[in-house]
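In what comes next, subunit A is part of two complexes: it sits with subunit B in the first one and with subunit C in the second one.
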Partner chain A sequence: MSAKRVSYFEASARARVAALVDPGSFTEFCPPAQRRTSPHLAQLDAPVAFDDGVVVGAATVDGKPVLIAAQEGQFNGGAVGEVHGAKIRGLLERAARERPAAVLLLVDSGGVRLHEANAGLIAISEIMRALMAAQAAGVPVFALVGGACGAFGGMGIVTRLCDEVIMSEEGRLGLSGPEVIETVKGVGEFDSRDRSLVWRVTGGKLRRGLGEATRLVDDDASAFRAAAVAALTHHRNAPADLASLKAAQAALTERRATHPDTRDGLEVWRTLGLAQPEAVPMLASDEFNRQLDALATEV
Partner chain B sequence: MSDPSLFDALFGAGNHTVVIDGHFVAGPARLGDTPVAVIGSWDAAAVDGDLALAIAGEILRVVEADAGATPRPIVFVADTQGQALSRREELLGLNGAFAHVARCVDLARRSGHPTVALIHGEAVSGGFLAFGMLADRVVALPGAQVRVMDLRAMSRVTKIEFDRLQTLAQHSPVFAPGADNYWRMGAVHALWHDAGADWRAPLAMALAEAVDAAGHDGRAALGAERGGRTLAAAVAREVANEVAGG
Partner chain C sequence: MERFEITLDARPAGAARRSTLCGVVASGNLEVLVELGQDPAACTVEVSTSADGFRDIWEAVLADFAERHPAGGLRISINDAGATPAVVSLRLAQAFEDSAGGAA
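Moving on, here comes the complex of A and B:
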């Protein structure tokens, strides 16, 4: 175990794929050689990418066949345009037919790409339908969130449709980014430059604490791989039938009552009963998971 | 703007008991002999967790009530300025509440409920994604606005001159607000024009089309056919069918 630690946060989409899958197992669909660039970016003289900012393909993980998509946060903030979105949707449609062991979505995206906002919004809606159709066909979908852009906008919704959500504390998950809320509602509502506050409201530990992320790992590509391997062996299923959706409805309703005026993750740690709420942001993921598990078994 | 006379136009006066409760609207109606459930957002709602859960809860009630019987058509009414913007809603996971609504819409579809969404007023971004956009048929009523962001804000964020965006928007449907742009791209199936009309016949037709479309997402193909979205269907097909290693 002397391999050099690779930061998932800093890695490119292609480096993340390489670190996650079995060596030599990856085949890309619609690869850069096909030059599927966005004509909509081009008409606005914005830079284009030969893969339109997302890598999609087939691979094995721990010997099991998977389909995998990885968004490149360095290109337009991983934002979804027509081609980018169609690649992810096509992959999910392929999954419904091929029935791989799972689909891995390496989300790193602020949501819709404004240069082609309508196309991006529609594409995300199509991804949502295709994702639920893949799940209905028996294929689990796992989201991995640990990049600089997190999972926001429509991709935040897509992430929460997944059966498993694997996150690092550095990854963030939400709907509207702090900058958007600050711009519209003012700095008093959300100070987007207060980085520790931003993470206490959107970060991986909060999401794990609320049960939205199913696994919290360190910012280490091999830790993400280990979590994906574990999820391939045993995974949670997102609610899909009437009984489980009624249970989800009750749980979401109860959460709003349990945290009535909460606006800071510190209050969540306190309500959950963690011994030292202020120390939570500094905990390694193992220690955080241990404390969280201990609380769960106390009840 | 939301107008309660909408329901008279859709079902005929006396054929509905739709209740408007703030930004939430729901209730039973009858289209000819067919019982229909109306569920939606009202009066340019900023959709927050409470409203998302009200919509999801109503969908679940309708699905449960019709279990073992003929699944009623569900008419979604969408009038939303988008998602609520607040730190508290973010902390509590508004994205997860929207995903839950989407799952409930999908359950209704899989349980055999025909679904039609009517955009009444405005349909913006996340508020539209959560439920209206997932229906098997999406109709824009007269005056309906559909958008992610208005052009001035888009200009500020992308740092592309407003005039340039405005000029391009005359030809390209891909970024500018407008129900007609969404029609060209295949995400709005029909635009209803004459305001104040009797909508009963067009609604019955939309519901019949929803039955035919159930379970199949034909929006990208429709966008290609209408010339507003020429790449999505082809690229998705390529990825879905490409021979691995080929």
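Moving on, here comes the complex of A and C:
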């Protein structure tokens, strides 16, 4: 191992794609030169991006063909506008036709782009439908979450539809973001400036502990790649038929009973039986995974 | 938003160049798209910036770029979200360097 560690958190969408796929294997669809920019942002006289904040294309990972989308969190918070959403939807529809080994969604998004209102909302629902159609065609979809914007709003739901969710502790997953909750319900409900609390409630370790994330990795692009490679070999399947959906629903009901009135990740660690709950946030992912796996085998 | 296009006299880029995109449209940052143009002795630059009223400074920064780099034959397109002149210079240099990267 001689290569310098590349922080997935800090990398741009294009740098993430480059670090994940086999060198030289990436072909971009709708590349920047085609200038498929947002008509809505132009109408509002706001800056546009040539790729509308998402990179989509085909590549190989460990020699296996994949389709891949990477959201750029720095452009409007990775938010989904009409063009941005259409690119992801088109990629997933292509997956249903071409049947690659998997689709990788590199999610880094606050959700719908509010400038585009209904067009963004419709785009999200189209992505969800296309994602499930790809899964129904036998193509697994993996979400990778480790950017500054995390996976929130509609993209939080899209992430939870995926077969595998690969996260770092730095990545966050939720529906309403911390600032939204504080704005609506007050600081007593959730203090969005308490960064430690924000990560204990939305971060990768909690999501992994609750089973929403399937793999927890360090903030390292090569660790994300290794997890994607492993998932290509063996992956969980999202609930697809009625029986498995009912089982998932029952598991969620049971979870609510196991963790009643929980307001902090620390309480979850304690309930799960981790020896030192307060030490969990600083654990390296390997050690955290080891402790979690040890608990699973005890039961 | 302010939009304008500038054509600069520039030494021919010569060696094989490829299309490339550098940077991200984020506050204080910009993206620079490099493509191949028609005239090997000129570099065209299309600027779209969120900061109105700075065309003079853009022209100075771009002239400086054309002086430092053989950018002739390149067509450059910029989406800017309020980057400082230093950031613009660095991003242009990065995009120029990247456009020489291999035959891909």
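Basically, the second predicted complex is superposed on the first by the 299 of 299 C-alpha atoms of A that agree within 3 Å, B and C clash if a C-alpha of one lies under 4 Å from a C-alpha of the other, contacts with A are read in each partner's own complex, and residues count from 1 in each chain.
The rule is simple: a contact is a pair of C-beta atoms (placed from the backbone, for glycine too) under 8 Å apart; a residue touches a chain by one contact, two chains touch by 3 or more.
Everything quoted here is computed from the prediction, not taken from an experiment.
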Contacts of A:S168 with subunit B and subunit C, given as first, second, both or neither: neither
Dominant toucher of subunit A (residue count), subunit B or subunit C: B
Contacts of A:Q291 with subunit B and subunit C, given as first, second, both or neither: neither
First, second, both or neither for A:T214, with subunit B first and subunit C second: neither
Which superposed partner A:Q71 touches (first subunit B, second subunit C, both, neither): neither
Which of subunit B and subunit C A:S109 touches, first, second, both or neither: neither
Touched partner set for A:A130, first subunit B, second subunit C, both or neither: first
Touching partner for A:V180 - first (subunit B), second (subunit C), both, neither: first
Shared subunit A surface residues [contacts with subunit B and with subunit C]: 46
Of subunit C, residues touching subunit A in the complex: 1, 19, 21, 24-26, 29, 31, 33, 35, 48-50, 77, 79-81, 104
Subunit B contact footprint on subunit A (complex, rising order): 27, 29-30, 36, 39-40, 43-44, 46, 56, 58, 82-83, 85-87, 89-91, 93-94, 97, 112, 114-126, 128-130, 132-133, 136, 151-154, 156-161, 173-176, 178, 180-181, 184-185, 189-190, 201-202, 206-207, 210, 212, 238-242, 245-246, 248-249, 252-253, 255-256, 259, 261-265, 268
Subunit C contact footprint on subunit A (complex, rising order): 12, 14, 24, 31-33, 35, 45-51, 53, 72, 74-75
Partner subunit A, residues of subunit B touching it in the complex: 49-50, 53, 56-57, 60, 63-64, 67, 83, 85-100, 102-104, 106-107, 110-111, 125-126, 128-130, 133-134, 146-149, 154, 157-158, 160, 164, 168, 172-176, 181-182, 185-187, 217, 219-220, 223, 229, 231-242, 244-245
